[in-house]
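Going by the order they are written in, the chains are A, B and C; count residues from 1 in each one.
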Amino acid sequence: MDHFINLTLNGLALGAAYSALALSLVLIYQATRLVNFAQPAFALLSVYAAFAVTQITGSYWLGFGAALITGMTAGAAAERFVVRPIARVSPLNGVIVTLGMLLVVQGAVGMIWGNEQHAFGYAFSYVGRFSPADIFAVSAVAGVALLLFLLYRFTAIGLRMRAAAHHPEAARLSGVRVGLMLTAGWAIASFIGALAGMLAAPPFLYPNVFDIVFVFGITAAVVGGLDNPFGAILGGMLIGLGGSWVSGYVGPELATLSALVIVVVVLSVRPDGILSRPTARKV
Amino acid sequence: MSTTTGQRPEPSTGAASTPPPSLPEKWRALPLPARNLLGAAVALLVVTAFLAVTGDLTALRLATVGYTFLALAGLQLLVGGSGQISLGHGAFMMIGAYTMALLVLHLPMLPLATNLFIVVAVSAVAGIAVGAATARLHGPYLAGATLILAVGLPGIAHRYHDLFGGSNGLNIRTVGVPPFLDGVVTTSEWRALVVWFTVLLVLAALATISGGRLGRRMRAIRDDETAAAMSGIPVGRTKVVAFIIASAAGGLAGGLQAYALGTVTPSSFALVLSLTLIAALVLGGIGSLWGALWAAVAVVYLEVWASDLARAMDLGHNVQHNLPIVLFGVVLILVLRFWPLGLHGGLQALRNRIARR
Amino acid sequence: MSETPLLKVEDLTAHHGAVCALDRVSIDVPERGLCAVLGANGAGKSTLLRTLTGLHPATSGRVTLDGEDITRLPAERAVTKGLAHVPEGGGVIVELTVEENLRLGGLWRSRHDPETLAEVLDLFPPLVERRGKPAATLSGGERQMLAIGRALMARPRVLLLDEPSLGLAPMVTEQIFTLLGDLRERTGLTVVLVEQNAAGALGVTDHGFVLNQGRVAAEGPSDELLSDDRTRHAYLGF
């Protein structure tokens, strides 16, 4: 029983990072209708920025701030200068170009910092059951999700962003600068992606550190429903818990397969994810 | 080979040949399978000639282009033909490669052709399982589910270490040059020829499939699933069939890879393989076998050039190691930016512009 | 029309690919005018409105609003110049609530404007009880009201309406047309009304333009157009 509780708490902490990454994917999917494969690359760049800043200044929190700023900037620049001109021509090309950015950023990070592992610390002590680091992970993601909800639901810019995502033309006619809103959406999403990176990277940092995290993140987004931010959080927790239980009781190599089983089971019951809203299909 | 999803029946042919201009009517009068087989034969001649000129050094590289081409052609059928996006194509290559390796290790008496048939059968069965489980999914949901397959599968090789050899993988020895050709071709040249023979034979079959009823149904589904269903096309079944064919092609490509390289490791089927395949396909051009060919050439040769370049410029180890992936990404982004239809579309536009002058 | 027009369109030309959708269209709309733009399907009526607000690019020609050139202004700036456009079908955002749709309309002026919101809700009683509900739950007529309400939230000088009667019951259409007349009386609003329902539109407007294949084929006071048998038969089909 004790083992089970340990695994569950561990799963929640892992799930927090997956939820954050899933949330960043869902925000971009809602705004631009594409899955952003470059999200882990932006997170990677952000965490390496944090690594560099922390090395120079000696302060973890300055590095943390640098990561969030780097993530926002990378997301905004990618949307404005790379994705927008390409996705306008063909949505599939828009998805594939995010893959291209993933390869470029991952390779560039390897060129600058090398492919070897660097030690990368936690924000707080990671010792013990549900350690301070775990508590920080869960509460940071919960806090960001709450802020995001308030932003979208109750502020003018949130209303503009939702209008731009759902009905660009009507939004333009109401004076909303749709392009700017999309860029802002990517910036916010990549901000959250950078947070996910800071939570998921320790104890080591290397160019492929987020491959598995990203796969769990996209799985979480798909399981929860790509249209629903709450689904992303729920999906992230499900994948985190499932993975933790399977690694604990069966073996860590099969953790990814547990995610596969969750995806297949959930999607065979609800092909658009757990929390998808039934929407009229455009014919 | 004719185009996989060409809207008009192009009288186009083998990898580098065009029918004699005086005979286009005769050519068109031939049945589609015969045209595709003839095209494949011509293409095989071209490959042989290329091999004869360049010699042993490029043989392995050429074999790599060959099986990558086959894997991409299968993916092309799926993505370009029926509009389903699979990010797990590398998983089927892995299934094929491991099937091949296990057959050679445990049933060494079987001839290569039998092994290849078994490889196709096994990966087709895997395709049935995955295709049936994902038949109701669409767009990003299918992509997500197949992605996790690509990542999860190598875990099995690690888990069942005794059978699959863990991270070291399996090493196999396959029969080399037949006695009567001893001294005429080297082992790697022979393997390259075997790979290309198999690949072209299967491509002729794929081209015939996509030129026929199944191909038309798949394109109807790609263009508008609802309309296709309302015109009586069995949408679910057609999508699963497309998925199975693509999986079998991917598996066979993996089997040929194991045969050509003589080694199978889980790391060669990592996530980046599946992602590179789909990216390369868009880079080459969605919708035609030519696109798949350019994609295969790009995948293999961009890496070669990048490594050569890094070595020639004496760049640092970190740069050298990462240059291929960065170069591939940059080329991908630039091609999508300026040639939205991929290399094939871009080259066609270029040719048209020159022809108009 | 002796006074200087509020909205002046001169030789406006626009293309859909190679097809010329608007061919040197010139239209003057005076302040407080209520104009109808009529014509068959594909005559260029919607394209005219879309080109006025910048949703569709003009090939050549000029659009001025109160003397200011707005031809090349991007669509999101049109509303800030006082030009509100209700697109065909209304363009209600069904994922947002009724109140959010309305607030969106006034957002360019201020974040929070309870007075205008109250005024607009006064005009459309059916929307009041639904203000917290998603716009997806509204009927066709209510959606059209919401779309017009959202445009009015911007406090426009000119309201461009694209086929508000489309798919609505005749009684609802009549309500909407009556409302346009009232608004002009009370607030001095200028209205350009694109309609296929020529008889209804000419009944409430004071001036009409008939478009045919991208050109202005006829124009004049609404009652004259209504009584001119030749124009009626040739272009308006009744």
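The rule we apply is simple: contacts are C-beta pairs under 8 Å (C-beta built on N, C-alpha and C of every residue); 3 or more make two chains touch, one makes a residue touch a chain.
Note that the structure is a prediction, hence the values are computed from the model and not measured.
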Neighbouring chains common to subunit A and subunit C, by label: none
Chain at maximum distance from subunit B, centres defined as averaged CA atoms: C
Central chain (distance from its CA mean to the mean of all protein CA atoms): A
Two chains sharing the most C-beta contacts: A-B
Subunit A-subunit C separation of Cα centroids, rounded to whole Å: 43
Rounded Å distance, subunit B centre to subunit C centre (Cα mean): 55
Centre-to-centre distance between subunit B and subunit A (centres being mean Cα positions), rounded to whole Å: 32
Sequence positions of subunit B contacting 2 or more other chains: none
Junction residues of subunit C - those touching two or more other chains: none
Footprint of subunit C on subunit A - complex, ascending: 156, 159-160, 162-163, 166-167, 169-178
Residues of subunit B defined as touching subunit A within the complex: 85, 133-134, 136-138, 140-141, 143-145, 147-149, 151-152, 155-156, 158-159, 226, 270-271, 275-276, 278-279, 282-283, 286, 318-319, 321-326, 328-330, 332-333, 336-337, 340
Touching residues (chain side subunit A, partner subunit B) in the complex: 29, 34-35, 37, 82, 85-86, 89-90, 92-93, 95-97, 99-104, 106-108, 110-115, 207, 211-212, 215, 218-219, 221-222, 226, 251, 253-257, 259-260, 263-264, 267-268, 271-273, 281, 283
Contact footprint of subunit A on subunit C as seen in their complex: 53, 55, 74-80, 84-85, 87, 91-96, 100, 103-105, 107-108, 111, 150-151, 154
